[in-house]
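Which chain is which? They are A, B, C and D, in the order written, and residues in each are numbered from 1.
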Amino acid sequence: MIAGVGAAALTPYPRRGLPVSVIVSQLFTGVSIGAVLLLIALGLALTFGQMNVINMAHGEFIMAGAYTVYVLQQSISSAGASLLIALPVSFAVTGLMGVILEVLLIRRLYARPLDTLLVTWGVSLILQQAARDIFGAPNVQTSAPSFLTGSVQITDDIVIASSRLFILGLALAAVAALMIVLKTTSLGRRIRAVVQNRDLAAVSGLATGRVDRLTFFIGSGLAGIAGVALTLIGPIGPAMGTNIIVNAFLVVVVGGIGQLKGTVIVAFVLGILQSMVEYATTVSVASVIVFVAIVAFLQWRPQGLFTLRTRSLA
Amino acid sequence: MFKNRVATALVALSAVTALTACGAKTADTAGSAPAGGGAAVDTSGPTVKVGLLNSLSGTMAISEVTVRDAIQLAVEEINTAGGVLGKQLTAVSEDGASDWPTFAEKAQKLISQDKVAAVFGCWTSSSRKAVKPVFEKNKALLFYPVQYEGLEQSPYIFYTGATTNQQIVPALDYLKSTGKTSVYLVGSDYVFPRTANKIIKAYAAANGMKVLGEDYAPLGSTEFSTIVNKVKASGASAVFNTLNGDSNVAFFKEYKSAGLTAESMPVVSVSIAEEEVKSIGTQYLAGQLTAWNYYQTTEGAANERFVKAYKAKYGADKPTSDPMEAAYTSVYLWKAMAEKAGSFDIEKVKAAANAGGITYEAPEGLVTVDGATQHVFKTARIGKIGSDGLIEEVWNSGEPVKPDPYLKSYSWATGLS
Amino acid sequence: MTGLSVRDLRVVFDGFVALDGVDLEVPEGDVRFVIGPNGAGKTTMIDAITGLVKATGHVGFDGQDLLGRKVHRIARLGIGRTFQTAAVFEELTVLQNLDIAAGWGRRAVSLLRARRGVPPEVGKALETVRLSAVRDQPAGTLAHGQKQWLEIGMLLVQDARLLLLDEPVAGMSHDERDATGELLGVLSRDRTVLVIEHDMDFLRRYARTVTVMHAGKVLSEGSVAEVQADPRVQEVYLGRGAS
Amino acid sequence: MSPRLRTFAGFGITALLLFAVAPLVLGDFRLGLLAKYLCFAIVAVGIGLAWGRGGMLALGQGVFFGLGGYAMAMHLKLADAGPGELPDFMTLYGQLDALPWWWAPFANPVFALLATVLLPMLVALLLGLLIFRRRVRGAYFAILSQALAAAFAILLIGQQGTTGGTNGLTDIQGFFGYDLNDPVNRRMIYFIIATALLLMLLAAWQLMRSRYGELLVAVRDAEERVRFLGYDPANVKLVAYVVAAGMAGLAGALFVPAVGIISPALIGVVPSIEFVIGVAVGGRASLAGPAIGAIAVAWAKTALSERVPSAWTYFEGLLFVLPIVFLPGGIASLVRLRRRRTAEAPAAPALEKVPS
């Protein structure tokens, strides 16, 4: 007791130690950060992981998804209804943007993944400026439905925001849907066939171009879903995409390409790591520590958590 | 062989140029600044140029474009009313692109290419710090219209926004007077919040207030769940918020989700004006507090005229805010200085201002230039954000507060500068 | 003992046993052909010897233990290989390709200088693989057969003493095959050569000894005639392919 | 004309343009801008080597630029403050009583000058060892280097008391005893930068034509194949990466006296990727292409943003898209094409055109 009082007197702010409730609520915070990471990275896991296309404009697709909510709310006054309608609409809007991007540019660059990175970065700049010119430079506001602005009381100390619960549910549902599509549908089988051996798939009569476009449609559409989710917790503005894109790529890289489970696990692990370190230190320190952890991890597993083994020379 | 020859030639060449091109050593000029007037102002034609230096692209464009608009409004009004000293003003607008070295580059361009009589603009402290040496070196004038962290006094800058004792200190006084005994500090990771928080901590120590925590998020950061958890766990009686831009949106959404309200734990913000309220949403902000020197609702005929003129020019849905008003005012203050000096010459304009007595009936109320500090007397105002998106004043300092950028008149602040 | 010695070599990919205890002795100066149906593990064996895939067991060459070393360390011990699809540096000229192959032992200073003239060993190799005429042409513009020869030339200047050739005559014209066959004879004078090949005609003409692999194991070994006479070989391989 | 003579003529013309034409034609303000562009060109030369020849898309060059810039600025700030004094911002924002230990060595001019180049090289060496040894490459390398830039910028911003935070280090008055307010001295800085660019071009030229340069291309095109020839490709790439980092560091160091500021705004993800754009436009694998491209892009940015600010962003976006998709060899490939067509004509190639 005395020692505790002494320590408290010496530190500038009275730290209360780490009660269980803090650990639990930080754990959930980490899970919810992870859910956001997962949602924004999921589309990338498909386009980068399955097709080896680095789409830096993915962040701007997310932005487009968020603006879709804003546009819908101009005509649909009910926040809840507009949010639910926004999910499929955003998916379609950003999915189409993805297909257009694939057809116009990315198709010419499949042999040059690094060039794809730069080209899509350019596209992202253009989309950002277009958003500024269409919607204005300031952020726009959307209203969240009342059932998503409150929180759920777990215990006296632990409160979980309902928007975060919604995002967690949305992320898990998106993963499940994607898994089902990939594992059980004929489209999924075709996507996996193209990923594993593009030439063989082409020889066996698969229209690889069509499969690529469909994959890109789904991957980009998932960005739209992420955009809808982000309106609940963050700003909706032209720059919202740039702030998240690097982290999203790190998740996919660390997770290992070609497999969704890596992305899922790494999103949650990084989220929890970030929230725990951030609680104990500061945001800046946490960001640097997470980077160091990632480099260290890639020392151990340079190809990420899970990899598809191939015998190719490269 | 060949390569070596080229290399030798190059080294020789550069040695020769370096030797022949030696200019002044630092020791030569120290203390003996060249006498005479400042930067050459081009007054040869029927018009005189003024520079507008704002970020029109990049992350800061959100805020700075509105400031540019306000400056342009003032320039147009002045031209309509006959100009300054018989000359019409031509506004030369440059884009700082939210990038500090670009600000320095454009400032240099306005001074040496366009030969402007004065430059109005800059928002972030970083951009001001980047251009400060440019203005001092060229002996040109900058009018800086945004509230800032103080601790600065450049002979070539006029500060028309609030310094800390006209915004932060009054906000703390207000919190203290309403019985708040502890605060949590949340800010973006840059100069203003860190300096402001240092002042807050010194104030708190001297006034029996507890600072229960201090957190910074990188500029542009939109993940606030952990910080809000910390804020909530601290049980502070108020939050002092110096977050900037996008971060505010994420912070207030998270704040509300965590079940925190303006009643249970009010947030005082010093970077949220009418424009930001609009983009964050009153759903999240209603009831929270702000500290400024001007609101769109501020009473007085001057403000009614300003708001009407602004909306007529830029749209009825465009709110006016403190930095816009300070920028608008700064053009009129410069006009008053030039007219008093009877010249556009920079040293003469400065001398006229420093002699004191430059006043202007601004939208925020009467402002007076403090010749000693080149800051402005301003009335501090605490406001409450309403559900209509406007900010209603709940307290003011009664009279314009004398600017004190180094807080020399506050005993608790002795260790700060 | 000189030459290549492989004992109980095992390679497992994600539970799939690609090599299941291979034993192989190739004495110095031999031209050994390795044949077997697709999936028998021929290329995997070369991959394991050159360090590309992880393996257990023992691989020795000239008294040096190879397993567990990194790829470039194994190459420095004098083990060179070619690939099924010719792997040359397409943007570099033939001369540059060969010069690089000759160069791992060069000191930093000489690496940082530009090449002057044609190093003697490179000139010799150009002659041997008959590419002198296209010396300054980018390797990417060569005909398929020429690329294969360039790879062999690279092994020569690399001063490899164990050559592992993965289907060197696949896709070659008849004349090119003959030329390659003669080249094998020249190479084997002071080197050990191991060739993976499907072409039975080529094998009959140029192999000194033959190893037949099947399902990750050595099925049979001996001269061409001995192997052809082996009933097990006929059953799994020749039985279908050559009758 | 023989290729060697052509190169000689190219360097000669470049030197003439940089040392004679530009200073005569351009006023002080524009020459100062050119000095800044030349710094970006030096970074571009390094990226051309690492990316064009080595296949390593270095998206974190801002880190090395920043290390060089901060090393130089720290020394200049200490020199401005005078012996025993603290730089102005430390007392303002850090309330420090003593110099942090890691600032102290930078008071020594020799240490600081060496550090501007060696510090970035050392960091690149350590990072490269970790990354290349474990065969992290291609997109993984690009994304990792981008993340490094983000992390480094955040780290610098977080330490306001000792690094100046977002402001960076500003208000630099002198350069090794010379007053930077004097236009004559600013010209001298320009000449130093122009010399440095020429020397870096020479260094890159030597590296590219050397055996190492050929080996680097081999590693770029078939990294695994090189292993079977007895080389460790990690070491080959490491050299190019470290050299590129050194060039970026040098450029950062020279940027400080030229512009008078170094800040995290020059280090993060966006500036780092902007360094690459000029290289792509000019021709990543050529010698002069990256430098010309970097100068041209920087000049276009100034020129366009003076007229139509919002158009610049569209233009920059298109600069990433169009040349890379439709002209992967950049401007340099056009020159080469023309040269091939007019093989008989003895005209010397215009190695560089200085914007005015």
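The rule we apply is simple: a residue touches a chain if its C-beta (ideal position, glycine included) is under 8 Å from a C-beta of that chain, and two chains touch if they have at least 3 such contacts.
Model, not experiment: these values are computed from the prediction.
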Any chain in contact with chain A as well as chain C: D
Of all other chains, the one whose Cα centre sits farthest from chain C: B
Whole-Å gap separating chain A and chain B, where each centre is the average of the chain's CA atoms: 36
Chain B and chain D: spacing of chain centres that average the CA atoms, whole Å: 33
Computed distance of Cα centres, chain D from chain C, in Å: 44
Shared interface positions of chain D, touching two or more other chains: 154, 157-158, 206, 224-225, 310, 313
In chain C, residues with contacts to at least two other chains: 83, 87
Residues of chain B whose C-beta touches two or more other chains: 57, 189, 216, 218
Residues of chain D touching chain B in the complex: 4, 8, 11, 15, 19, 27-29, 32-33, 36, 80, 91-93, 95, 154, 157-158, 160, 165-168, 170-174, 177-179, 181-188, 191-192, 195, 198-199, 202, 205-206, 259-261, 263, 265-266, 302, 305-306, 309-310, 312-313
For the chain A and chain D complex, residues of the former touching the latter: 48, 52, 54, 105, 108-109, 112-115, 117-119, 121-126, 128-129, 132-133, 242, 246, 249-250, 253, 282, 284-285, 287-288, 291, 294-295, 298-299, 302, 313-314
Residues of chain C defined as touching chain D within the complex: 50, 52, 70-72, 75-76, 80-81, 83, 87-92, 96-97, 99-101, 103-106, 110-115, 154, 158
Residues on chain D engaged by chain A in the complex (per definition of touch): 55, 57, 59, 130-131, 134-136, 138-140, 142-144, 146-148, 150-151, 154-155, 157-158, 223-225, 269-270, 273, 276-277, 280, 310, 313-314, 316-321, 324-325, 328
Chain B to chain A touching residues, read off their complex: 57, 59, 61-62, 65, 189, 211-218, 220-223, 225-227, 229-230, 232-234, 246, 248-250, 253-254, 256-259, 275, 278-281, 283
